[in-house]
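Labels for the chains are A, B, C, D and E, by order of writing; each one numbers its residues from 1.
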């Protein structure tokens, strides 16, 4: 691991273009997330936010442009290699393994990385500390959890990789307000732990409140970026890109 | 399709058809017969393209339709004196359509691999029945019969020669192609393609999808049966082997090899596969004879199992030509 | 009548277990990889041949079983890397065709390499017990038990091992599994190798009941496919249940109707099951 | 909860055009496993009305649409369309009765042209079983399709592959497909999802235009759209109707503010 | 976190680096093929002896791949043996003989194509071969159409020389009715009166079953039951375990792969101990014996050929045939099988054709009618051409009648129990040639 200055970009996305079949999804997206930073990515449905996260993760390979992690190009590295380099992914619809138990879901990211048994235990304990409800349900099939619990499991599962950054795709979608505040809490905890977060959200207040910087996307491009603190005052921009 | 594209298409069609008409003149007897057979297998493959390429259903039951067409023709040719070409066609088509209707009624309730497996099981049922019911079907030995003449009662009657049989088959296959092409461009055919693209949406805009699928399977089966009748007429026998699911598998292979959803692709696929197989089966004996003319005896070379290189080439084609031989032209042929 | 019924029950279960062993490798490959492996019967046959060769060399049936499993598993891995990986993400139809090509190659290779004469695998022990009017060989029961043990081993592997958890995760969501750092391409190769190894093991186990020849895989593969679909693709328990179900149906049917009709009866039963439970008989329904 | 507000009679009485309800549900419910996704929904919409259905994610809005259009079979209750019971009919039968819908996630034929997408929908009422005539021979269908494309503003893109349209154009095509089936009731599921502000305005205008001859049900998150379009609004929450009323009433309803409008 | 990543590298090198690796792979296989070719270089054989004489082309259609490949491969050995011997001895009418083989892949559609290739394109002068009955039947009209003599060499189906007989096709070996005539008295008198028949449930099995049922009854025996088994059944136990009751013997009509299966499984269930165990000789063909092991001990069968030197097979001619066949079979199968009746009947069919061609001074297809007349009623004498024994090719139906051996299996080897002279195998002809 190269010693890195904290101001240096952890993840840098440089002008990526992606296609789905014939349709051009991303038209040159560029953004960066610094070490330990929480960054929001806002935009309407279908502007390419989720695709951006997938491209960082290596689940979609850009036809042009590149993704760099700590200055190293990820090239066309398959997603499992990207994951092991320290990027955690929490997808939009959570996509937990429904027929696997909670602990099996957590194990998927833990095993086979040469992590010592002791460290594995430690990680599990840590996660169960954050999410006591998961500890209670550790032997229950993932599919039987409630929506909020599934969301926690999805985040916990990503945390097991000890990532440098977590890509969070609409974590509050479909959650009750109580759960939403729990997500807010989790993001704060991640910040405290020094894990960077790239957060895609529809929930603007939550994003503005948790993020340090925010990018706005429109039509497959990043159109605007600003510090979250400025945006609290600047409803114009928010309205322009989100229509709220 | 723009008027210009239409004109180009029909010009190409006319040129290829003309080439096909005169082609046998340049060919020795065996290849005339082989060409006839390629057209027949091509028709079978084309019939299953209606399902694979246009409706998005993969049928492993086409051997049943093909085989029943054969046995239907056999029934007509064995029971009527003199054997009548038109009766053979009629019986064969009725047999194939009946079976297709039966199979379609049940199998179209299922989708994807379940549809495929159900059609496969149905064809196996017919296979077992035909294979073991020796009294009626001749069992494994099948049925042999004589070839009818090309006749219109009261007008003329010509015995088939290799050449006239080829033209007859070419006419039927060309006619079938035109009919199928028209069907795929009719409102009905557009619904089939809509089902392939998006079944749920097609249902949501008011189409009874199941009924469309049943009719599609029946049409497909009818043309598969037609291919069966032609095969019976060409080769003068019907055998249970043709009902075995492997024949359906071959039809699927021809489709994928040639390019699905093009109608002509499957014919090209059939031609490519059959020619490749024939060519490879000749290659090793040929190499051995060349070697022995140069004073070398290579024991075992002539008997080298040519199906091994066939398999390898086949695998390579699937891997490196994902769209099939004609897949690149799909949009153009389809509009 | 009762005697015949009991005998057919035992027959049905024994045949069913062998079928289940063949099918479980197939369903594993099917469920996780979307690969309809038409070469499965040929892997079964090659397993039997490797068994014959090892048995001739060492004299140990059990060693032959082990060697055949490992050799064919390695072959399976090689086949996967060279021919199936390039098809990742393509229409599953392509895999049907490629595995058809593989079966063509393997079958003709076996004929070429091993020759046309039927070979023999001697059972590791003989002996029988009396079952009403029949002498029933112990070995048949041992096959059933061994098949059950191998399947149970597979189940334990899937349940508890790291790779097992990964395989199950990948079955459910390949993309997400990859995003969790599971090396999916390698995992798919391993799964194909395991499936191939299981086919080989069943080939060796079944060898003593029949002769070993190049076409022996053909007799199983069709039925195994049907079983896999009826059991619910990728569902191990479903395949076992479906295997025993179809074998028992056929065995019982042979009590009442002629053998060929018995096959038709079992086919009809299968179609009915598919119509009633279109996605397989024993699919768990996640909420 | 709020049963007094949601009775069919009340809804009918308040309808702007004042006609009898074109669609009514009585005690509609559906369960998935143990979860009640819809629970005793009594709903009515009058002919000519634009009715918005809003509510948080997971409130049952899409499930409600799926029940109306036959994708899901309700576990209890009845659905009446023009006083005709349509509960549990297949989607194609319901479509033929005159209910059409657009989808939240774009649901078109991506590999067909824009015109073909609409034409195939228009053809569902006539000539669908015609086998041997070229589909281009049916001028009436093509004219109908072209008219629909003109309505949704896609006439210029008629020969473009649907997959190559922009997101906003695809959303409008989605509406066009539904319109081409000549419905009496059109259910729009988040028609402006993911659109830019300009596109959204166009779509609002489009919905207003087509609403002259139709009854429209619309599910939407974008409150500017909802408030600008709807005659009345129904708020769903946890599978039940939480409130119903004019936009002004809803905006000032404290319970609605609590569960939905405030985050 | 990166310590275990290397494990993936080999596969990525293969997979993700794409074309270069693939090209290398192609290079390897080309080299391997080259090496293989070099290994096969062997000096040329005799050839110059015939000078410019145009060889006779003899077609031989055999299943060399697919289900029936096992039999087809040994069958082809028989034809090759005969042809090599003929060429060494000066050919036929002063001209060498060349075999043109065709692989029918055990499929009738392929067979049909291949036979047309042999007859129409290669213009063979005559044909020796045919293994699967359905293929023989499917091809018969083509011989008639092209006016070419077809010496069938293995096909078992009775109707080939009865209801579907044909002027151009000959069967210079036995068929089921003749074997039944020869075998039934032995079965009834030496083994037992009451028989249960197990048969392959398709046309050959069914017609053979009928022949044996008729002859066993004629010999004073009784048929108490029958069990059909579908072709290609991997586990026959469910069918076999239904067989019970009080009778003397089980008679099995199975061949090839299914013969091996039933031999093993009937033994496993104790049926072969409980009942007398007999059947068509095809079940215990010498190429099947390795697959049957000791489970076939005591089986009594009938066959036209068995690879033993008991009298009357202790002749110099048979030794010559046997040694040559063993050497050649070793080349196609490393386990070194003994010759079976497929080798024998193909070898003798070719020799019968040779004699016919010599008798009619056959020069080409134009002489086909003369050749047919020469073959009709042809008497063949035991000797180097016909090590199996004397035979006659009956004029009325082109069916030969030959000496049959009733044998059992002892210590894994055939043993002659009784020799049935050809006169005692005669079954009346039932054939009407279409007048041509």
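The rule is simple: contacts are C-beta pairs under 8 Å (C-beta built on N, C-alpha and C of every residue); 3 or more make two chains touch, one makes a residue touch a chain.
Just so you know, these numbers come straight off a predicted model, no measurement behind them.
With steps allowed only between chains in touch, the distance from subunit B over to subunit C comes to 1. Ranking every chain by how far its Cα centroid lies from the centroid of subunit C, the top place goes to D. When each chain is reduced to the average of its Cα atoms, E sits farthest from subunit A. Centre to centre, using the average C-alpha position, subunit A and subunit E are separated by 70 Å.
Mean C-alpha positions place subunit A and subunit B at a centre distance of 52 Å.
Look at where the CA atoms of subunit A average out and do the same for subunit D: the two points lie 33 Å apart. Mean C-alpha position of subunit A lies 42 Å from that of subunit C.
Each of residues 110 in subunit D touches at least two other chains. The multi-chain contact residues of subunit C, meaning those touching 2 or more other chains, are 107-108, 111, 183, 185, 260, 263, 287.
Across the assembly, subunit A contributes residues 78, 81, 84, 112-113 that each touch 2 or more other chains. On the subunit A side of its complex with subunit C, the touching residues are 57-59, 78-81, 83-84, 89, 91, 95, 97-100, 104-105, 107-109, 111-113, 141, 143-144, 157-158, 161.
For subunit C in complex with subunit A, the touching residues are 162, 165-166, 168-169, 172-173, 175-185, 284, 286-287. Touching subunit B in their complex are the following residues of subunit C: 36, 83, 86-87, 90, 92-94, 96-98, 100-105, 107-109, 111-112, 222, 225-226, 229, 233, 260, 263-264, 267-268, 270-271, 274-275, 278-279.
Taken in their complex, subunit B has these residues touching subunit D: 179, 182-183, 185-191, 193-194, 197-198, 200-209. Taken together, the subunit D residues at the contact with subunit B in this complex read 69, 71, 90-92, 95-96, 100-101, 103, 107-112, 116, 119-121, 123-125, 127-136, 138, 141, 177-178, 180-181.
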